[in-house]
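First the structure, in the form of structure tokens, and then the observations on it.
Naming follows writing order (A, B, C and D), and every chain is counted from residue 1.
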Amino acid sequence: MSFPLLTATAALPAIGAVATAAVPAARRTAAKWLALGVSLGTLALAITVLVRFDPDGARYQLTESHAWIKDFGVRYELGVDGIAVALLALTAVLIPFVILAGWHDADPLETGSRRWRPTQGFFALILAVEAMVIISFEATDVFLFYIFFEAMLIPMYFLIGGFGDRAHEHGEEAASTQRSYAAVKFLLYNLVGGLIMLAAVIGVYVVAGNFSLTEIAQARANGSLHMATNTERWLFLGFFFAFAVKAPLWPLHTWLPNAMQEATAPVAVLITAVVDKVGTFAMLRFCLQLFPEASKWATPVILVLALISIVYGALLAVGQRDIKRLVAYASISHFGFIIMGIFAMTSQGQSGATLYMVNHGISTAALMLVAGFLISRRGSRLIADYGGVQKVAPVLAGTFLIGGLATLSLPGLAPFVSEFLVLVGTFARYPAIGIIATFGIVLAALYTLVLYQRTMTGPVKPEVSAMPDLRARELVVVAPLIVLLIVLGVYPKPVTDIVNPAVKQTMSDVHKTDPKPSVEAAK
Amino acid sequence: MSATAVHSLWTTAAEPISKIPAPKIEYGQLSPTLIVVGAALVGVLVEAFVPRRSRYYAQVFVSVVALCAAFAAVVALAADGYGTTKAHIAAMGAIAVDGPSLFLQGTILLAGLVALFTFAERRLDPAAHGNRVDSFAAQAASVPGSDSEKAAVKAGFTTTEVFPLLLFAIAGMLIFPSANDLLTLFVALEVFSLPLYLLCALARRKRLMSQEAAVKYFLLGAFASAFTLFGIALLYGYAGSVSYARIAQVVDGTVTNVDPALANTMGNDALLLLGSALIVMGLLFKVGAVPFHMWTPDVYQGAPTPVTGFMAAATKVAAFGALLRLLYVVLPGMRWDWRPVMWAVAIITMLGGAIVAITQTDIKRLLAYSSIAHAGFILAGVIATSKDGVSSVLFYLAGYSFVTIGAFAVVTLVRDAGGEATHLSKWAGLGRRSPLVAAVFAVFLLAFAGIPLTSGFAGKFAVFKAAADGGAAPLVVVGVISSAIAAFFYIRVIVLMFFSEPRPEGPTVAVPSPLTMAAIGVGVAVTLVLGVAPQYFLNLASQAGVFVR
Amino acid sequence: MNPVNYLYLAALLFTIGATGVLIRRNAIVVFMCIELMLNACNLAFVVFSRMHGNLDGQIIAFFTMVVAAAEVVVGLAIIVSLFRTRHSASVDDASLMKL
Amino acid sequence: MENLIALLIAAPLLGAAVLLVGGRRLDAVGQWIGTLLSAASFVFGLILFADLLGKNAEHRTLTQHLWTWISVGSFQADVTFRLDQLSMTFVLLITGVGSLIHLYSVGYMEHDERRRRFFGYLNLFLAAMLLLVLADNYLLLYVGWEGVGLASYLLIGFWQHKPSAATAAKKAFLVNRVGDMGLSIAIMLMFTTFGSFAFGPVFSHAGDASEGKLTAIGLMLLLAACGKSAQVPLQSWLGDAMEGPTPVSALIHAATMVTAGVYLIVRSAAIFNLAPDAQLAVTVVGAVTLLFGAIVGCAKDDIKKALAGSTMSQIGYMILAAGLGPIGYVFAIMHLVTHGFFKAGLFLGAGSVMHGMNDEVDMRRYGGLRKYMPVTFITFGLGYLAIIGFPFLSGFFSKDAIIEAAFAKGGTQGWILGGAALLGAAITAFYMTRVMLMTFFGEKRWQPDENGNEPHPHESPKVMTIPMVLLAFGSVFAGGLFSIGDRFLNWLEPVTGHSEGHSPISAATVTGATMVCLVIGVGIAWAQYGRKPVPAVAPRGSLLTRAARRDLLQDDFNHVVLVRGGEHLTRSLVYVDHTLVDGVVNGTAAGFGGLSGRLRRVQNGFARSYAVSMFGGAALLVAATLLMRAV
């Protein structure tokens, strides 16, 4: 039997989480290094996966399959296609940065008992999230996926509710209240989504008799598994609802601003750059493959919702006074793009959406982490509390600007490629929607530049005048992300090469082909 | 006096009935119950003859040995195939020895054993006058706050009677789900109820509440028993027998040789419907289904916490076992009558439990409402009327009972000057003071909430799957919704423990003896094992999913 | 006399008992009402036994009596201890726990 | 030789990277690195130019394929460069003028502590601009297109501590984004129409597409051009962009970047030629803008803003020419190049004036500067003469050609467009004379600033004057060099095509009319600003003047409709999000809470009421069971 690479990729952070949690209270720094080491090890494994993955090979590779819960028809089935590999790599890449960026976020305050070990907990939880996210990307069994899709809420919940920005405009008490509100909101939204999906998961079992994605998709394709139209639609909706909450799609989005606002910046990155990607990923993998007809049936509505997300998220981002909230609404807008790309049902749209997931992960990480550094310096999240930072901390401002430019999809940086692909893919089938979505790029410029202008430019505010520039550790976090943004912006081929075959498969799952250019069509 | 003579004395029936044959009792197959009953009797003798100092140890010893032995007997019977191929009806038709019986008996015995550990815990309460004390009143008969109570405390009295009472209750519960006629059912019901009434009254602290709980439980329980008994009477009138098999035959209409003279009662559907409804009501009372649930919060809150844990777990197991048998063996023929009604009950139970729990402020009451909601989930599985339905309920019960006992065991640890600190506000910041205890409790709460990788999820999934398979998709949807509502208050507790600042005058977490640790540890272990690798237990449950008729 | 009439009587007694439980405050009386309900059940058993011409019902009646007796023992113990604590046997007084 | 193309871009890109990442240790030499690499690019350009000249006209297109950029299904975008006559022209203009302005900036920015970064940005701009003109497909062009936007953003806002600069930078980027939206939609349209957006396939298949599609593409390209080239209705950013350092205004907002729109339209000739409606729109935009810019230029007292209005107006000429189709393309580009020279020269002159005047920009505080800054005066003067179309200077040839071409459009359109162009020439003469007079002639009007520092006007250092002199040379001779013997026409024709229109009036008439206009414009200006002293405080002015000072109220419109409206919209959306979307959820939660509180009261603690509930339940159970049977 070959080495279970995929299992190992997920298991390493899981074991690391336990080990980190077990580090004695006094050895805080050791826990940090351990977590960092584990995340780097996971990165190494993920790179191995990337290398061993053959884009032109079978659809699912590095597969593992073991009996697990026979009574539920559940198997421990792992396998990755191009889309999963890309997201796996994204996750593995981002986590070390998240850990490094959050190096001091969980240093304990004076209060609390000896046994209270927040630092260990913080890093253990991050690793736990990583493990669960990775296995969600790898699972080709619906039930297995569902389990981790749901279970990852718990560590996320503790990360949001347990660790927040040190300083808060209304004092620690209020911060704590708001934090737990945000955490509860996050959990309840996602739990409700997950539970509704649970009903649909059960429905899938009732209809199909097993949970194997490959088997069901195959049976659906060759007609041996027939789903009544209504059944398929209901099941689709059950799945989609959960993913739309996680993604998040308008109007199920309101948990995200709260969560990102209250969480520390690295955790916010974890939410939006990593965990939420599971939602969009799952739309691509599960909704389209399991319920191709229902997906097509729902497409118009979903596209309109995605469009609303794009514009609405961007407009709300413009109206925010809180840096992190702003980034959150920007993310909502971006998730609109991703979902639009997925349901445009063109290869450009779907490849673009996948690429978008990767790029958005990196760009948001860059922007948010720098924002976090900024906030930790001044102790405020309010945009109005800043001004003229550029003068005192030019490197910080510069990296912040690059993160912002990536967010507004400046050509030459990675997000542009994906955003344009999504737009073109959508436009090819739905010109009107494509055009309206294009307004999103203007609004993106608006909120990003307004944010930059108000925080970084203008006269130096007295409160920020002593602000130190980025430290070495922080630079180590930001610089690679920026390099990645540029490299993937200029040469995205490695990613598209991996993603394209998988998208082609998905397109054939839903029996869709790209529209022909009108010049050719006329001939 | 011979049976014939009795008959001729009291009846004018046309023909003499035949002799009552000498009862044939399969002692081996009944050994689990017999062992426990025997041990309970030994316990009574211990109370009578063993010196006060040693009673505690003797009682614990006897009880543990008995429960282990009984469990071993269950395992042996199951291994012998009594759960599957050799399943049959023993004791002249009174007791069914089959898969569900053995599975539930095993569950009850293990749950009882774990509960016993919490009963025997003597380190939590500060020692009174140098005597270690447990959760039970020094002397139940003494008036709270009176001189006699003080004297009893000073003398180091403890109510070691709880152990035989527990054993009696367990014995009743062992019979309850395997009872194969209505009389046995009724007797078993009373056998396990009566000790529980008493146990409820025996709390060491907050004795007024304890007594109040006992009175409420007792009166309502007796009230429900009366209904059950009346139902039994009506069913007897309907079928002319209290044997499950016989009634089932009559319900199915397979009995053709009906005496025309008796036609007006025998096979009278009104009697059947009334009678079965009343019996079912009695069982629903025991499982705590809405609207027969109202005793639950008060009793759970007032009873000594170890007793609450035991009640919440074992009573539910036993009562659901009996309910399953009744519905699957006796009344499958009238499925179409009771299913809609049970649908309604399940729905209001799920929703009612979950909704009312939202605003609870006492941890024990909260768990009580949670147990009501869970009863609703299990009912969804009961309604499936399929083999899957049975095994899913069995599995759910097994998982649930250990979580419950574990959770209540944790509740016993969090204490302040007045004993257990059950008001939720006192739990604020528990995660900061003792992360481990809070984490364990969080695991239990997550299991209650049905988060994946806990037994709660596996159980819920099994039950919902069975329900959906059985055509009860709407029930699944309601279940899902109420799970979501329920999640809210579980999360609320977690928020409180982890994200709130600890109160300066907050409670302390007592360090328990290995007994309670074992109870909690077993709870956690079962929760995780059944959550992560449930296949073995699902196999067991599905093998055990067939009732003998 | 038609045995069915005894059934009506049993039902009546049962209803009286149940009503008593619902409306009386004194725990002892409530308890007595429950006993009345049990007795109504017994009556029904005996009647059905007579109607069916088998002995099961009568045997059950004996069992019921035994059980009822046991219940009395337990019940009185609880009620008496409550009374001694509170100097009241009213079930309505025992309402510390609610909501 | 093709491989050199990439180096054109690589050199300034390297400069940008080195300067921006290099950190403080490069502070001392940063300006020279930047200038050197810019000059290197110019040298590469010259080598390539020589190479092209050595070839036949039809072989003067070089392409260099570097790598496949994006490839998804039929969506193929390559990093491929195309160097033909059109892009070559731009390359030389960009790198040449760019290098001069680098050099100038060495002096101009000497005392700025963030000088290194300034040169980094300038190099970044050069790289992006070169990418724009060298790209072989529209998507790659788009990269350059936004790249120059970014560079422009960074440079306008270079003095970020000034809120006005930061705001102007943001505004420029945003307005440009609106235009960019047009470009991206155009690319998408091309993709769905042709299955490609590379120049080759698009141009060769343009004939196969429906006119409607081509018109749509054309209009979207026009939108893009409007944004980048500050044409009505997206012109509002250019005036504010003068917040940037003056070399930036010279390079980006006069000579090169703002002309990218002209490039785009000329480059897309194949599409516009087949979409007359789009062409008409282009000419209308051009004509309106050339008047608009000119009018605004008349009213501004800020020397740079006056020049900015002029830029707008001159680009209007180019756009107008480009919209005329094959009769105008070449002249659009020619005017673009000559304008590059003289407008850059004018801006550098303005910068030199400011340099000597403590960064004072208000022309009413100048006056009589010709004595203090002779070199500046002369170079500025030559630029002035060139722009107003003084005979035989650069502007004369190129502008005249455009006016002729406009008349040659024929019909009513021809008369209207030609008339507008003529009118524009008159106004140009007026406002430029005004600038000249207010700055260099008359009495000195400067006063001490609030700190009591009186300006001491002085000539700028050599490093600044040399570029000015060189540009003045261009301003004087470029036009003649290009026009005599139709050199420029022959050079560009293979790319843009050319046709002679049928002008209703002769070329000589047009030239004569232009001269008349010129004289009228200069005369009025002289009458107003030369004969009598210029008041130090601006008079109230006519309604038109006041409107023109406010950019013809366009900014006010933007402010009221877009800014205020947008603020209201976002604020109300924030409210909606909070109360409605979130409110529904919170309301649900609160609803369950309330329900819970109410249901909870049922549990009243009285055992008897519990019994009632049980009794009721039992009754219901029985009733329901019976009912089920009955149904």
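Everything that follows uses one rule, which is that a residue touches a chain if its C-beta (ideal position, glycine included) is under 8 Å from a C-beta of that chain, and two chains touch if they have at least 3 such contacts.
By chain, UniProt protein names: A = NADH-quinone oxidoreductase subunit M; B = NADH-quinone oxidoreductase subunit N; C = NADH-quinone oxidoreductase subunit K; D = NADH-quinone oxidoreductase subunit L.
Here the structure is a predicted model, which means the values were calculated and not measured.
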From chain B, the most remote chain by mean C-alpha position: D
More contacts between chains, B-C or B-D: B-C
Between chain C and chain A, distance of the C-alpha-averaged centres to the nearest whole Å: 65
Chain B and chain D, separation of their C-alpha mean positions in angstrom: 80
Intercentroid distance (Cα basis), chain C paired with chain B, Å: 24
Rounded Å distance between chain A and chain B, as computed from the means of their C-alpha atoms: 45
In chain A, residues with contacts to at least two other chains: 188
Chain C: positions in contact with at least two other chains: 18, 21, 30, 91, 94-98
Junction residues of chain D, two or more chains touched: 589, 600, 603, 605, 607, 611
All chain pairs that touch each other: A-B, A-D, B-C, B-D, C-D
For the chain C and chain D complex, residues of the former touching the latter: 18, 21-23, 25, 30, 91-92, 94-99
Residues of chain C touching chain B in the complex: 4, 7, 10, 14, 17-18, 21, 27, 30-31, 34, 37-38, 40-41, 44-45, 47-60, 63-64, 67, 70-71, 74-75, 77-79, 81-82, 84-86, 91, 94-98
Chain A-touching residues of chain B, taken from the complex the two chains share: 391, 431-436, 446, 449, 451-453, 457-458, 461-462, 464-465, 468-469, 473, 476-477, 480-481, 483-484, 487-488, 491-492, 494-495, 498-501, 533-535, 538-539, 542
Chain B-facing residues of chain D, complex: 589, 592-593, 595-597, 599-600, 602-603, 605, 607, 609-611, 613-614, 616-618, 620-622, 624-626, 628-629
Chain C-touching residues of chain B, taken from the complex the two chains share: 3, 6-7, 10-11, 13-14, 17, 140-141, 143-144, 183, 186-187, 190, 194, 197-198, 201, 207-209, 211-216, 218-219, 222-223, 225-227, 229-230, 232-234, 236-237, 240-242, 259, 262, 264-266, 297-298, 301-302, 365
